[in-house]
Structure formats: structure tokens, C-alpha cells
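What follows is subunit A paired twice: with subunit B in the first complex and subunit C in the second.
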Partner chain A sequence: MAETILMNDNDVLLSIRDLSVTFHTDEGLVRAVNGVSYDVCAGKTLAVVGESGCGKSVTALSVLRLIPDPPGKIAGGEILFRGTDLVTADEKYMQSIRGNEIAMIFQEPMTSLNPVYTVGDQIVEAIEQHQDKKGPAAWSHAVEMLKQVGIADPEQRVMEYPHQMSGGMRQRVIIAMSLSCDPSLIIADEPTTALDVTIQAQILELLRDLQKKNNMSVVLITHDLGVVAENADDVVVMYASRIVETGDVAGIFDDPLHPYTQGLLRSLPRVGSVQERLEVIGGTVPDPLAFPDGCKFHPRCPIGSDEPRCMTVEPELREVKPGRCSACWYTPGYETKEEFELYETKYGKHKEISG
Partner chain B sequence: MKRNMESTKKYLVDVKGLKTYFPIKRGLFSRVVGHVKAVDGVSFKIQAGKTLGLVGESGCGKTTVGRTILRLINATDGKVTFDGSDVFGLPSKEMRKLRCDMQLIFQDPYSSLNPRMTVANIVGESLTAHKMATGRQRRKKVAELLERVGLSPHHSSRYPHEFSGGQRQRIGIARALALDPKFIVCDEAVSALDVSIQSQIINLLQDLQDEMSLTYLFIAHDLAVVEHISDYVAVMYLGKIVEYTSSRELYKNPLHPYTRALMSAIPMPDPHRRQQRIVLGGEVPSPSNPPSGCPFHPRCPMAEQRCSVEMQELKQQGDGVEHIVACWKCKEWNT
Partner chain C sequence: MSKTIKQHTDWGVSYGEMVSREFFKNRLNVVSLVFIIFLFAIAVFAPFIANDKPLVIRIDGELTFPLLRNLNAVDYSVFLAAIVGLFQIWLIRRNKKRVNPTRRGEVLSRQIMINAFVLVAGIVFIFVSLDKRLDATNYKRMVESKKATGAVFPLVPFGFERTDLAVREQGPSAEHWLGTDDVGADVLCRLIHGSRISLSVGFVAVGISSVIGVFIGAILGYFGGKVDFIGMRFVEIMMAIPTFFLIITIVAFFPRSLLNIMIIIGVTKWTGDARFIRAEFFRLRGQDFVQAARALGLPLRSLLFRHMLPNGIAPVLVNATFGIAGAIFIEAALSFLGFGVAPPTPSWGQMLSLGVGTTGRFLWWLSLFPGLAIFLTVTAYNLVGEGLRDAIDPRLRKAA
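So, the complex of A and B:
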């Protein structure tokens, strides 16, 4: 199902290299994204998982250069889409990409449609902007798109305003809009978080079907590990502005390497299991204005909370086995031999880890 | 206030035939043209010290049930007995006393705390209002409460914006605990929290239940969370309960087609089990104009002629554990 090796695939559509994004706020400089790199392969789904404030959405918004500047700023790195760097591209080029080659689906179906235009107006706007179709041709294309996303009575619905539709229907309209120009990449930022489970199931199935039919790539940003397990080919786990682990979906769930991913998976209540208490990750998500020194996860980590190296030296993301990367000193295979020896002379024996 | 531990009554909350309708008003003279039947004939009981989970999709009336029981919304019909007294029949003076025993925890930790009040005032407000404690006594009580929910007493002079989402939810819980309640309605209390924080709050709620022998009505849309925390679960659809049983039984043996669809729609955190699911067509109909007969029949994969005419009442299925279902076809499904 998911045999892609994340970092060295030939048909990479989007490649983010060492991206850093900062925000200048009154309280100080916020490093929202810090040295993030990932690849999206053609026709595949990459899920970006993480808690609120970990930088997953900011990374995605930077791809389309939608970060409000000021206060936001892409401080470094490259975003290569089909070989062109989007960070340095001019605004005209970006306009030809946005909504055309790369489309975005936002979380809130209630606020991402304009309430004073009919849904038809809003879909046609994108079509007329990017395609040769104008007027009636564009409108019939819009009706066709609504039909594709499973809206009954599309000829009627295209004339309606967003407030006349339910949440699930609006999300379908947004998907229709984003697909109207045949994009090769869709960035879906929490596309189903605001929806009920039965509607979520409908929307995710729709996205999967359309992805297969049009051979699109999808970047799925979510905090719901269930959604990840069912939809993703590859997974990127983010914590406090950095990537802590990457791998294929089966690998991440069967054999999580980073203590954060392990804790996250263990803390989920699962249907059908009889457990009295949930395991927890203690503490809270760190404040982006005052990230801890060393590994950003160390204050909450079962290994790193009293480990001198974890508290001072931040581990970078390294490949620890084929297709799997982790950013933790204690992931098996992470340290080089020199580092191992250097550590033992400096701090004494490594900590024993059970399990 | 001393808790009456050896309560002879088995059930703390007893809801019978609860109906809450909201009028739809139109025109110049606000003529009532119809009703939104948010809650339409709901009955259940909650045992003291236990948790009842109330599940359903948005708009099914689960929040309205919680608020009507607390008499924050006036009921149209029905009866709620709380610890022996009739909640809707009480004069306001008595009701004020009763309110100490029943509290509410809200979903959104951002909008449910007044940004202009310090934590000490948020948590201690009810102590002052009910003349339970003032001055030093109140400060002491607030400090105790904050410690109990995992915050530290020196947080009490801060304002809500200085806290993270999980910490704010802890403040909301401390506020609910201030009057030593017996019964707490948790309205989507963990839905807005991050995964790693959600498990902390669930554990906290369970610990508090054990320590203070609290009774919970746990309203949520996340079935995995509800299964974990509840002893009994009631599934609601369009203002009606369609299935009620122990949480273990519900997840082992769901009988109503809606419950089955709901359960199969949960994304499982296991990539090897990309299951075939029952994807329901259509959407939840409007409660102002519910379908005839069984409210679920337009979306039900098993519906037949009879379902569109008349709804089956809640009936015990099998002769084992308490398991009541409102469906004509659930027996056939089972065999």
C-alpha cells in the first residue's frame, strides 16, 4: 500500500527544503517553522500531523506564499514546485499557480466562502481566471464540478448562496472549487475537523476517489491520527516548529520512533479496548516565544527530561533506517559511533530505555 | 456542605419524556409559525457516581438535553427528578440551592472564561454568589481547587489569556467544582483540546469522579472518548434517543443502523484496518421539519415502508444486559 520511500523518490512534485518562517510580534520573534523539509510525491497523500501551534499550517501557507507579510516572513529555505522555487518567484507567477496548479482547502467551511456571492460566482471566478473558458462555458463547467463532488441538483445549487447550504455541502463546494482547474497538488488544511463523523467519512471518501481519478497529490494537514491512518501514504510528524519524525504510514503506526509520536499514539482512547486509564504526555505544548533549549520535546519526554544532552543539544532529523527519519538522540541507529563515544566520555553511560 | 454519601436512591438524575421546542417566529407580529423540536421525548436515568455518555451529530439536541436538565433552558414538557426533587417544579429560591449540586463544563475554553476576570474571581465567583465563603476562606478554597485540577495556587491572580487551552479547561473544571456539586454536565469538555492534552483532561475527570463520587452527563460527538469515559451510552438522532445500553455492550454489539453507521465512520488509528464502512448518504434533516415515522429512515440502509409511517418505541433487546433500541429492523439485522 505505501512502499514509497519518502526522501528519495524520483517523481517528487513538491519539495520543501530547510524552510524557516518567522513572525515579528509585539512580544518578540516567533519562529513558527524551523528548518522543515519534506517531499510530496506525485499521486500520493502526505499527512502532516501535529498539535496546534506546531507550524503545520504555516508551512502549508508558505507554499502558496499566503503568509501575511508583515508580520510573517519566510526567513530561509526553498520550496521547489516542479523545480521552480516558489519562495523567490514573482507575484505574477504565484498568481498563475494559486488555485490552478496548487489548490487549498481550508478548515472552516463556514468562513472560507464569501457570503455575498453565489457559490457559482465563486467557482466561476477561479475558472475564468485560469482557463480559457468564459461566461456560459465557465458556468457549465462549474455545474459539472458540483456534480462531480456529489451535490444533488447542481443546476439549482450553483445559483445559491453559502448560507443556504449545510456545513458538509459547503465543504463539497470548496472541494469543487479547488478541483475546477485540475490542480496537481491539493493542500487540505484540516478539511474535516469542523464536520460530523458521518459527513467526515463522506468527504474523505470523496477526496480519495477524486485523487485517484485525477492522479493528484494531497498534503493532508490534521491532528486526527485516525484520519491519517486511513488516508495517508507518508506521514510527517511536527512538534514545536520542527519535524520530529517521518516515514510511511504503516511504519509510523506500527513502530513509532520518536518519543513524542510514541506518546501521542499511546494517549489515544481506542474504540473496543478496555483500558482504565489513558497514558498521557505530561506538561503542555511549549510557548513559541520561549521554546526550551536543546530538544524542544525534552521537558515532556520520558527519556530527555533529565538527560544533559537532550537539554542542551537539539538533535537534527536523520535517516535512521530506510525511509524512516527521526530527530531523537535515543532512537536506535541515530547516533554515529563518534557521537556515542563522545557522549560517554562527556556525561558517562547512556540512559537505559525500556520497551 | 456535607455530601450525603449514603443516598438511598439509586438514581441521581431521572429524566422522563423531556421535550424542548423552540418557536420559529416570522413576520411583523412575530407570529409562531412552527417549532424546532430540539429534544422530542427523551427519557433516561443516571445512577449516582456513574457516567452517562450522550452521543450524536451536531443538531441532534444533545446540548439542549444537558441545558434543559439544569433548567438553563425551559422545557416544553416532561419531568426531571434530581436527587428526589422535581427540577422544573421548584420555586426559584429552592432552585438556587439545587444549582449548587449541578454544574456545567463547557466546550470552548477560550470563550467560556471572562477575559476581564482573574482566575481567583472566575473560580470563586460562585462561592461569593452562594455566600459559601469570603475573604481568606475563599482564597484558601480557590487555592485548594486549583491544586486539585493540577494548577498551582499562584495562578489565581492571572487572567485567562495567560493560559493554554488545556490549562483553561482546568480552570473551567475548578469553577465547576467550587460548590462541591454532585452532578456535572460535561458539554464537549475535551473536544477542543489537542490530542496529548485531551488524555490529561479525561484522566483528571475520572480521578475527580473517583475522589468526589461525582455523576457525569458526558456529551460528546467523539465515540472513542465516550466509550472510554462512560458507563452507559445513549445515542441521539434528531431529538430522540435511538439506542441506550452499557458502553461495553454498545461497542461490542451496536444494534441501531444509525449507531452502526456512526461507529463505522470513526477513523481508526490503525493503517492496516482501512475498513469498509457504511457511508451514510445525505445529511441530518432539519429538526424544524423532521421526517415522518422514524427520523432516520431517509438515510437508513434498511428502511422499509413501515419505517416512514411509524417509529418503533425503545424496546429491550435480548434478555442479557439492559439494551434498548428504537428500530423495527434491528432484530433482522442481528440474525
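So, the complex of A and C:
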């Protein structure tokens, strides 16, 4: 069933509106996030997909206002969480949201725990910060959380230091810590990238189970399309600081609209098909200090690399069919009639697109 | 059954334990540490080691304890502090084995609070209740004139305030092992009592400078940006001033007291610590676990001092041991120049300056022995600092 992302606002938990984030570096101004909007519905999983450096993590960090400032700054837009704008909220309010309402799971389980405290100490600190439980009550809650995330012998493990645990176990601890205050939204920033494949599957299954149990929403940031297919309800595809395509997971995988998404899916290895080489998207992600003019994907695009309009005018994200948005001039149904005519008068006939 | 045993022995190896294991592997570190502990013991028990009052004496058939009667408020305070300190160390070790980790923090903070209260209340009580009794009796003469019998004197039977012009500026002899100074006081006795000054100057001055340095460095390092820019210029201004001359200048304006010297060294020596902590916090600020702690909604206080500080304190600890050596050195230099503690309070640097003698003769024992004491103490602290630095260095430790 097709879930609309930008339209359905009756059970929207988090709504990012036209968010822009800039970084002032020595080399110049970097627009890490540029006019990004998406909604996260209650109890659903939204996957944010894109290459490294496309701005997906920065968007997520902005939600909790965790981007390092300086050099980073939220330059514009709003982040509405239950109707409150987190961009303008004061630090005290943010503190009560962080970990309590919105929790975050980081990519690197090996470095996301403080090496000088036992895992119990760290979970308990979060619990004591946000809940009324203190001392022994908080500790038994921590043990309970460890049990929930499937750590064997939690009474013993809670007293251990992070370096005594494996990567998968630490990620479980981190999940336990983020869930300890019963948040309504979890932002998981590549939660399984640093883990090996069997552990990846376990961790994702654990997240799914807990999400169902606690009726949480999840923003799953990843570059692994396999993870997206298995876990997400809705998908946002980002490229070079912008959203290029949104849709429900079935739609994105069956009928990708944007050439970038199409390229991503083509470059997946397929079980059962014999291929000499995997397909790739040629070229590299553009330098954020010098984004190309026009559509940022055009230098790598099979259609737009020699298209005069793609090279000069950047397409905005538009809804092209119910629940599906794309930011490409060549997505069927994207152009308005006027634009179509303007193009024909300016550049001549449109290119034929196969498939 | 085996599980219950395991639970009480394998509660994880903390960072401190790993460092101490590494530290004790090197024999030179151990020797230095033992020497420092030995110095502390001497400083604490100075009145029992070197005193002109006998421990026990029988006067007119009556047994009295002049040494104990003559201990002053400072002595009692030092004993109390030593006892409370050792008790706290014992408690911490005991907590590790006996107290369940779920309650360890709570228990520890309660213990520290109680002990600190006992210490402060005890010292106040000592100073209020102890009136200064000056016992000018010359017990040695009483023994010689057979007025008293059965006297047991301490190892060094001289008082650091007792002068005897008859034996001034004499070299080492059977009676005065390390000779006497310009007013005939025993050098060994003054050395022993002088260790109190040197050690306390080192600790208090470095304590003050570390607290100031850590606090300023933490703020600069965590916030960065404009705060850091302005703060660092201030630190640089402080660093540009030659500390020793600043200290001499300040000392000239304030009364010559030990406390003033401690404070002045403390408030001028914090720049190194501030820079260390700032650099560490710059590094730590970007670390995942700090981000994770922020993402959990922990307050700034907890981020800075609970999560970042323990991970960045190592250079400050190392610097502190060097700093103690440096402070001892500065105090010795100040006393040598005559800006230090006023006589008759003994200080190593002040004794060193007496080596020139009143008649211009070079009194080698007055230069050699205090000089050796300063040299050995400073070296021991520097060796401990170096050992600590190596033990903490993660490159030398196996990846856990």
C-alpha cells in the first residue's frame, strides 16, 4: 500500500521542512543539507539512503541539534516534532527531548560507549536523567533493558566495561541505552555498517521487534539497499545535499523514478543472475565546495550528462504520482506543460528515453 | 556455585587498574614511588624522628611524655589527615570487593563526604582546643645533671627551633650527623622537618593549578570558536609572563607565609594544564561517545566532567607530577633567595642558601645535603611522572 510521505500529516511524528545546514570551513561555505523535507509517521520506519557525504547523517544530527557548531549551522527550515520547532527550541528543551523522546544509535559501536565506565553506569545515567528512577531502581531497569536486547546474563554484563564486549554486543548495549527512556523516535545512523553480516541481521531484527513492541518510529540512515528493502516502510533517496526521490519501499524498488535511484538499484548484485561485472554509477560524488550547476547528478547521469537544461536548471522535488516524488526533468509526469513547451522552443526536441 | 564466586572477582578491569599494572612493571617507577612514600612517612612522623624532647623521661621518679605533650596543632592535623587519607584509600579498595557496583557511586560519595567532614571538623577542633604550650625545658641538660633518668630520645635528638651557638657551623660529626648550620641547629633535623614544607607546597600548589587549568581548559576546548579564541589569548598572555619573576614580585607584596607561596604558585602555573585539557577536549568533542552522551540528553556538567574529563585527564596527571617537582623547586629557589618561608621554619632552599656561611667559608654540608634532598625528591617525582606517562600511553598498551 502506497504511503504518501509529504502529504499524510494526521499521524506525522517528525516533520522536517525545507532544512538547510551549512558548514563554514577554511575552504569555503559547504551546503551540507539543502532544502530537505521529509515526514516520519508514528510507528513507521523511514529509510534515508544515499552515498557518503550526501547529507543524510547531517540531517539526522540536526534533528537533535547535534551538529558541531562551529563550524556547522542550521541555516534555515524547521524541524517539527509533535508540533514544536526544534530548530528554535531552547537548549533546555532540547536536553529533555534528547534520549527521552528522540534517541540516536550511532554507526560505530566500538567508540560510542565511554571506555571508562561500565555499561551499567552509562545506561543508568540516561535513566536517572530522564526518569524518576534512582539508584537500585535505575539499575534494575538497566538490567531489564539489557535482557530486552537479548544480552545473556545481563546481571553480570551490566557491570562490565565496553572493552570486554564484542561489537555486536556493544551495539545491543547502545540500543538498550537509547531505548531505556522509551523514546517515540529512534534515529539509527548506519547502525549495522560496522558489524559483520550475521550480526547485522540480528541487530536489525532486534530493532524491528522492539519497534513493533514499543510502537516507535525509526529513521534508518543507511547506504545498504538490502537493509532498506527489509526494514523500511518509506524511503528517501538523497544525493549531494538534496532529496532526489521519495516513495514507499515497494514503489522505489519496483519502479525507481530518478536516474540516480535506478543506478543504485542496477549496481546491486543479483542472486541467480550471471554477470561478468557489477554495474556502477560512473564518476564520483561531487565536491560539496563546488557542486555542479543545474542538476547535481547530471555529470554522472546517463540522460542528463549532455542535456543543456539538466546542466543549467536544478529540478526541484515534485510529486509525480500519488505518494511518489522525484527531482528529475526526465521523470514521466514531472514537467509541466509550460516547461515542456519552453524546452522545445529553447533546445529542440526532448531526448528519447528507453525503459 | 562457581557463578557466585565469579561475580565477586570479575567485575571488569577498570582503566585505572590497567594503568597501574603497566606502571608497576617498571622497577624504576616502583623505586621512585617508594621513595616518595618514604618521604611522606618522614614528613608525617617528623616530630617523632627528630625532636629535642624525649619520648619518655623519668623526672623525680615520675614518668612523663614530653614529646607527646609538645606536639602542636599542625602535627595533630597532619596525623589526622594521614589517617583519614589512608582510611579512604582502604575503603576504596574494600568497596571494589565488597560493594555491589550498582551502589558503588552512592557509597563512595557518602564515604568521602563523611571523611571530609571528619577531617575538617577534626582540624578545627584541634586548632581551637590546643593552646600553644611552649615547653622550654632542656631535657638533655636534665639528663646530664642527673635530675632525670630513663630518657628515651628520638633518633635525631635535636629540635629544629633549638639553637646552640656553641656548635655553630660545624661539619658532620658523631653527634650532628649532617653537621650544624649558622645558629647551631642540627641539619638533619631541619632537613626532616623541611620535608613537610616541600611536600605540602608541591601538593597544594599543583592542586590549585590543576583545578584552575582543568576548568578553563575544559570550557575552551568544549566550546571552541570565539570562546576559545579569546580564552587562548588570555592563556598566552599568562604564559608570556616569566612565572618566576612574577612570583618574586607578588611575594614581595604579601607577607612571607607558606600558604601565600602555595597560592601564588598555584594561580600562575595553570596554563600548561589548561592547554593540555583544551587539546584533549578538542579531540574528545568529536568522539562518538561524547556525541552519544549528548544525544542521550545529558547536561553539560556531566558531558564535560563525567564523560570527557576522565578520558582526557591523563596528560594533566602526568603534568601534575612534574608540576609538584617544579613547585618544590620554585619554593626552594624562593627560600634560597630569601623570599620563602621565614626562619625558624625549616625549608630546604633556605638551608641551601646558608652554605656560604657567615664568615664566607664554604660550608659544604649545608649545600650538599639539602641540595641532595631537593635533587632526589624532584627526580623521584619526575620519574613517577614519566612512568605514569608511559603507562597511560595507549600506543604501549595492547588494544583491548
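The definition used in the following text is that the second predicted complex is superposed on the first by the 348 of 355 C-alpha atoms of A that agree within 3 Å, B and C clash if a C-alpha of one lies under 4 Å from a C-alpha of the other, contacts with A are read in each partner's own complex, and residues count from 1 in each chain.
Everything that follows uses one rule, which is that contacts are C-beta pairs under 8 Å (C-beta built on N, C-alpha and C of every residue); 3 or more make two chains touch, one makes a residue touch a chain.
In this text, all values refer to a predicted model and were calculated from it rather than measured experimentally.
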Partners on subunit A (subunit B, subunit C) - clash or fit: fit
Check whether A:Gly226 is in contact with subunit B, with subunit C, with both or with neither, and answer first, second, both or neither. first
Could you say whether A:Ala103 touches subunit B, subunit C, both of them, or neither, answering first, second, both or neither? second
Once the shared chain is lined up, is A:Trp139 touching subunit B (first), subunit C (second), both, or neither of them? second
Figure out whether A:Gln131 sits in contact with subunit B (first) or subunit C (second), or with both, or with neither. neither
Partner chain(s) touched by A:Met159 [first = subunit B, second = subunit C, both, neither]: second
According to the stated criteria, A:Gly120 is in contact with first (subunit B), second (subunit C), both, or neither; which is it? second
For apex subunit A with the CA centres of subunit B and subunit C, the angle to the nearest 10 degrees sits at 80
Where does A:Thr111 make contact in the superposed view: on subunit B (first), on subunit C (second), on both, or on neither? second
Does the superposition put A:Ser37 against subunit B (first), subunit C (second), both, or neither? neither
Looking at the overlay, does A:Ile174 come into contact with subunit B only (first), subunit C only (second), both, or neither? second
What's the minimum Cα gap, in whole angstrom, linking subunit B and subunit C in the superposed view? 7
Per the touch rule, the subunit C residues reaching subunit A in their complex are 6-7, 11-15, 101-103, 105-106, 224-225, 285-289, 291-299, 302, 306-307, 310-311, 400
Parts of subunit A lying in touch with subunit B, wherever the complex brings them together: 1-2, 51-52, 166-169, 196-202, 204-205, 223-230, 232, 249-250, 253-254, 263-265, 267-272, 274-275, 277-282, 284-285
Tell me, which parts of subunit A touch subunit C in their complex? 64, 66, 68, 70, 94-100, 103-104, 106-108, 111-116, 118, 120-121, 124-126, 129-130, 135-136, 139, 156, 158-161, 163-164, 174, 177-178
For the complex, which residues does subunit B have touching subunit A? 57-58, 164-167, 194-200, 202-203, 206, 221, 223-225, 227-229, 248, 251-252, 261-272, 274, 277, 279-280, 283-284
